């Protein structure tokens, strides 16, 4: 058998391509074994276009914003002509500002209430109760839930104002509570309900997919042992979809934390009782024109998001090594 | 420990699939019973209906002397082992085994003792702190068994428990399972699509097709006298040869060759009847020299079965009809050359005749199943389902 | 069509797992070659390294007379059928079969013709417009084969192509595959963990363990004279009985019984050597009456194998040692009673002796493998890997 | 055997007093309670999600719409009035262009990147993704508008649809990659390997095999991207000059009066028109590809 | 450019852009159409007569003022944007401070001061376009704040249908009588943050002026001064006392709803600008049409707390604002841009812009002509404008305004005016850079 490419010495068979790789598993080979034979270089090429866009239109403005956060930059007025670097003044001002702190507290309520409990909870409940349904009921429910998700926010804001209106809102008409000022007496509850309504679709779809990963046999084993629904959820379902729960909570918390839509319904009011951080920033940056201060608060929000993400990763991401 | 009685059991899935079609079946107390059949025949559905995981749309299920048709699965006192074992990946072996007891609200220490005890019985001591992911397939299967055993159910239900094991492990697990069941003496219903497994393990076998039972009997019965061509083709590590034939006097003509008419069928056939002649490859003898009254054909494939070989021959079609295949098992050292001609003679008393797919001259004249309880069974009435 | 030669092939995965450990192997042109071994032994890795999906960390792969070690998979002129068939779910059967040709830039009409032709060969006509999801397992397998065939590769690589089929279909597909390979005459490497499949299909078998080849040979060779206890335990539908023994003159003492010393081993053992006595259950005869020089024990399990039964006996330990198990295959009608005592005599010339796990008295004195090319192979040097 | 008379058609024809297991009875009372609970829950969910949508169904057809939902005094005048607005219909088309363009860009780039990240191990990949995800959340805020504007100005992207598309894509990409990577992770590699053995190039593999297989994922991300762009006001407003290019989100504001008060007749009508395309897209995509999510961080 | 000799003065080929927060078919539709169909063709023609080829484009817009402002600020900061720009007069100061705008004379030369129109614009109205005594822009129009009342309700409550209160107490007294009518909210004076700037313009600032105070005077901001306390006290006497609907002040769409309610005859007295008359309750095209507007809606001057207690010792007060048009300092053709600007403010052009819908313009000559047919607007032009006041045109004003709104919200919510005033002062100090800038 004639060899065409490798050297004749049989003791160094394969030297043509793998001399560097011999007995040295750590050395990267020219081609890395991945399914499509992509290799690092080509993989880089695949990532590049997206990365360029991200760096240019995401990272650069983000860094710029972080820089603005240490200045007293304003959109108009004297500070616009000649912004000064004020160091961490904005940050100390924000942290010392009662309005910021109450806003943060409201935001946390908003995230906990509408994202964690509302969207994730309701989304899971819907996915769970529809898990083995395939009829028109399922399609109608899913379509409505998804409709709430895809309609533009400026439109849905009007819908909710119409729903919760004090004088002739649909809700009051239904509940027989004329004059009940939902948006004024319970502003946070209202925007929490609103955001639950608006964003449940994502969780529903995610959990719908996740529940398909729970082998029916596991649930049935628990049922045969006599486990109640709650016990099944706790012992079988949750451990199985832990990763999905993590993704879900991470994304929806992030999105909810930065969601500005409640502004369109309550405008942060009454008396800032629903002024969550994005609304606060909007008022500071756009109405007040204090861009430097707004940027600083944005960066604080980023840090808080980071903390939330880390908390999630800690509590939900652990025990992974143990399972392997 | 309890007998299981199914009466007119039917299950129609919401989509309209009739997965069980009016089944009648009795499984004796302490019996090792196999449900065998091709994919989609309703084996799993039947097992799950016994477990209560599916709700019967008609008929009744009785376990021991309780009618459990409308009982929740958790209250039927059955344990089930699933094909994928359904071990909870986030729990240790000990927690897995103790899980049913946890649901029954036993204290932690009692659970631990019970788990350790059950694990010891199944040779799992030392693995108690591992998680399922750290176990081999065979070990996983035993943990699943241990979990099922831990709560001492009346009935064990097993859905293809061996099919996820690799070929070698499967054999070991099979012997192990049989021993275990014998020792526990618990009623055991076992689903498989592998006839070898059913033959090797079961006291009795129900062969199913399309939601109905086609034959119930001991392994020997279903192997030697399949009640119909369906069972004949399904049972046996190599399927039975089923050849078109015609009755001619006291002989039957197969592919132009006259073979003796099987004894039990003699009374029910007439001259000129078109029948199917069935004979297992194991019950054929292959000769390399010409022989009278032997089927002869060309050797096309020889497959090594270990200490024997499976030889496929092409029989020339009689009267210009297209040829048919015939399979013969030959012992070691007697393999013919590929392409050579072989002469095949059926062993006496091992051939069967079928007409319209049903065995001719079966005991009881056409009723599937038998009242005879298999060798290992300890009693209980057996009712064959009307096909 | 081409031979495959592997030289000192090694593969270390990034994590440090040494999946292939300096393999030498030649597969002849046109041979149907099986890679057999337990899970994790490196079968898939070897196949994928031949295909080029894994990059060998050392050694060379040659296909025909080209060194392909560093070639992209697409340029090696091989086709591979994956265990899950990897049929593209979004393409019809026709598009799936035509896909390799699409890559080769054949015009659409040519692709369609070729797909139709290949489909016809495999009995898939009429399914061309379906999608894989609408096919049964057996049909899917044939589509995967058709796709692999469509581009007329030099070598076929099959990774457990039958393991997703149910027991009955598997038998049919097996025979079908063997016929097809014979007709195409293409070199075919076939991975399986099922020894029965390997025995039935292959011209030659390589039995692997832990990244090395433990024996290469024809089915008959590996079945009759397993080169080591690993192969002995792995091959055969029932594993070989391996019993501790001691050489005593021209006999070997097993569980207190003197049995004749196997002929080929005679020259290489000395009196008092501790060895392992190996004999297949198929090569043992069971008697129900006492017999001289026979192993005797209590019958504990009887498993029906169809036309025969597998009997497990517990031999009492010789000299107060714990008992050992022995398995015997008995023909139909000769099954002993459970709990009775049986006497077992090995058939002459069928017993083997192992020392340190290696066969004693094998040709070449302990070197695994053999230069003999199996019945169906047409040539090519065979080098057994050092065990 | 089959020859035997069939008496199994149902309990009615059966001679034996076999207990009937009707679907309702079969569940037992506990099952019934569970079932009732489940239906109640589904009905409540239906109500909850349907209620707010009522206004959108009635107000556009009302002669004098108010903020409250009521049976309309039916009229189509509002639609006629809206059609007189020179920008209304065009803005919908602009929205389609912007969201379509962004969706295409996001889906393409995210798919490529997600695929590469899913298949090739890059150190620090997860940290990078999380970091970008976090950054993307501040970029959507108002505080970034100055940097975004100046960036666009320097890149000469003012009054350019492309600029809007690029900026929006940059913000959406991290989450899109995040979602798509989960899809890619859960597709078996054997498909790609199979194609590779046939000699397909990586680009062919991605184009012919991978993308079609993760189509539900692409559809999901596309719908998500479209919905996001569809509702975005700030970026197109800041960057576009020519009202002929303005998307519906911007034109919606023109329906407010000089005093900042909404003209409800036009606004509700426009809301309906404004919602229709996304709804139609959603119906099309979901019937064609279905919505499917993968998810969960697997490691 | 050199202020004495602007660039491009002799160009024969010019392009100019007009930017306005107006758009055809939407917000300020009339202005948009006027620019497109009247101003541009005529201006181009006039230039042609001079031998100059002019290309004038209009960049319409139709968004919230805040957003429009943001966009303009970004444009001007980047030295781009339209040549002739229309902005709210209140922004002049902050834009000038930021360097986005320059005095007209600096942009287009000294001849800007000799434009004929200045003589037609009252000094008070010219103030809208002035900052630090320099002319930055030409005012377009202005408005005034008055009290509207429902004559029918007044009749039912036994109040004179021809009503003019002389003090705050008289308003409250009327409210007390109206309170007897079922389902009627007696008084609606905007308060709270939800109303935004409407609270300041229609509520807090006129009241402050009525109490003799100004939000910014002599370089200092008014903290917890007496007038501020009086202003807050008025809110306390209206809302917690049940003369007004406090919830209406909190709802995000509260102002919308107050319009609706007034139109439905459910509000007795409403403080609003003339916009309300022109665009809200206007019988044909208003957003809360009142078919019988002319018969039902009465209007009165806003009284000082007591006669003579208002700013400048006035008996009655008001607040005014209005849009202005200015030049982009980076215009390539500043001279021609000013030509365009002054052309847009010629009497003829202003009349054309109004068409048949009267409103108060900056030009006296036009007002005299067009307001004759609308007694209400004539009333505003003649009685209100002379007594009106303006907001401080400073960058920090919007934030101060928010602080005022918050203070009113607190009072509406039931807090004591004194405590609120103290809080307000503290907050104000933070906003304007220390207590030095605040009077107390």
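Chains: A, B, C, D and E, in written order; residue numbering restarts at 1 for each.
Basically, a contact is a pair of C-beta atoms (placed from the backbone, for glycine too) under 8 Å apart; a residue touches a chain by one contact, two chains touch by 3 or more.
Just so we're clear, the structure is a prediction, and the values are computed from it rather than from any experiment.
Number of steps on the shortest path from subunit D to subunit E, with steps defined by chain touch: 1. Of all chains, the one whose mean C-alpha position sits at the greatest distance from that of subunit C is E.
Between the CA-based centres of subunit A and subunit E the separation comes to 42 Å, rounded to the whole angstrom.
Chain centres here are Cα averages; for subunit B and subunit E they lie 91 Å apart. The distance from the centre of subunit B to the centre of subunit D, each centre being the mean of the chain's C-alpha atoms, comes to 51 Å.
Under the contact definition stated at the top, the residues of subunit E that touch 2 or more other chains are 67, 70, 74, 253, 257. Along subunit B, residues 72 each make contact with two or more other chains.
Shared interface positions of subunit A, i.e. residues touching 2 or more other chains, are given as 37, 75, 161, 167, 286.
For subunit D in complex with subunit A, the touching residues are 34, 38, 41-42, 45-46, 48-56, 59, 66-70, 105, 108-110, 112-113, 115-117, 119-122, 130, 132-148, 151, 166-167, 169-171, 173-175, 177-178, 182, 189-190, 192-193, 195-196, 202, 205-206, 210, 220, 223, 226-227, 230-231, 233, 248-249, 252, 267-268, 271, 274-275, 278-279, 282-283, 286, 291-299. Those residues of subunit A lying in contact with subunit B across their complex are 215, 217-218, 220-227, 231, 235-236, 239-240, 319, 322-324. Residues of subunit A touching subunit D in their complex: 32, 34-40, 42-44, 46-47, 49-51, 53-54, 56-62, 64-65, 68, 73, 75, 122, 125-126, 129-130, 137, 140-156, 158-163, 165, 167-171, 174, 197, 200, 205-206, 208-210, 213, 229, 241-248, 250-251, 254-255, 257-258, 260, 278, 281-282, 285-286, 291, 294-295, 297-299, 301-302, 305-306, 309, 317, 320. Residues of subunit E touching subunit A in their complex: 66-67, 69-70, 73-74, 77, 91, 94-95, 97-100, 192-194, 247, 249-253, 257, 394-396, 398-399, 402, 406, 409-410, 413.
If you check the complex, the residues on subunit D that touch subunit C are 188, 190-191, 193-201, 204, 208-209, 212-213, 215.
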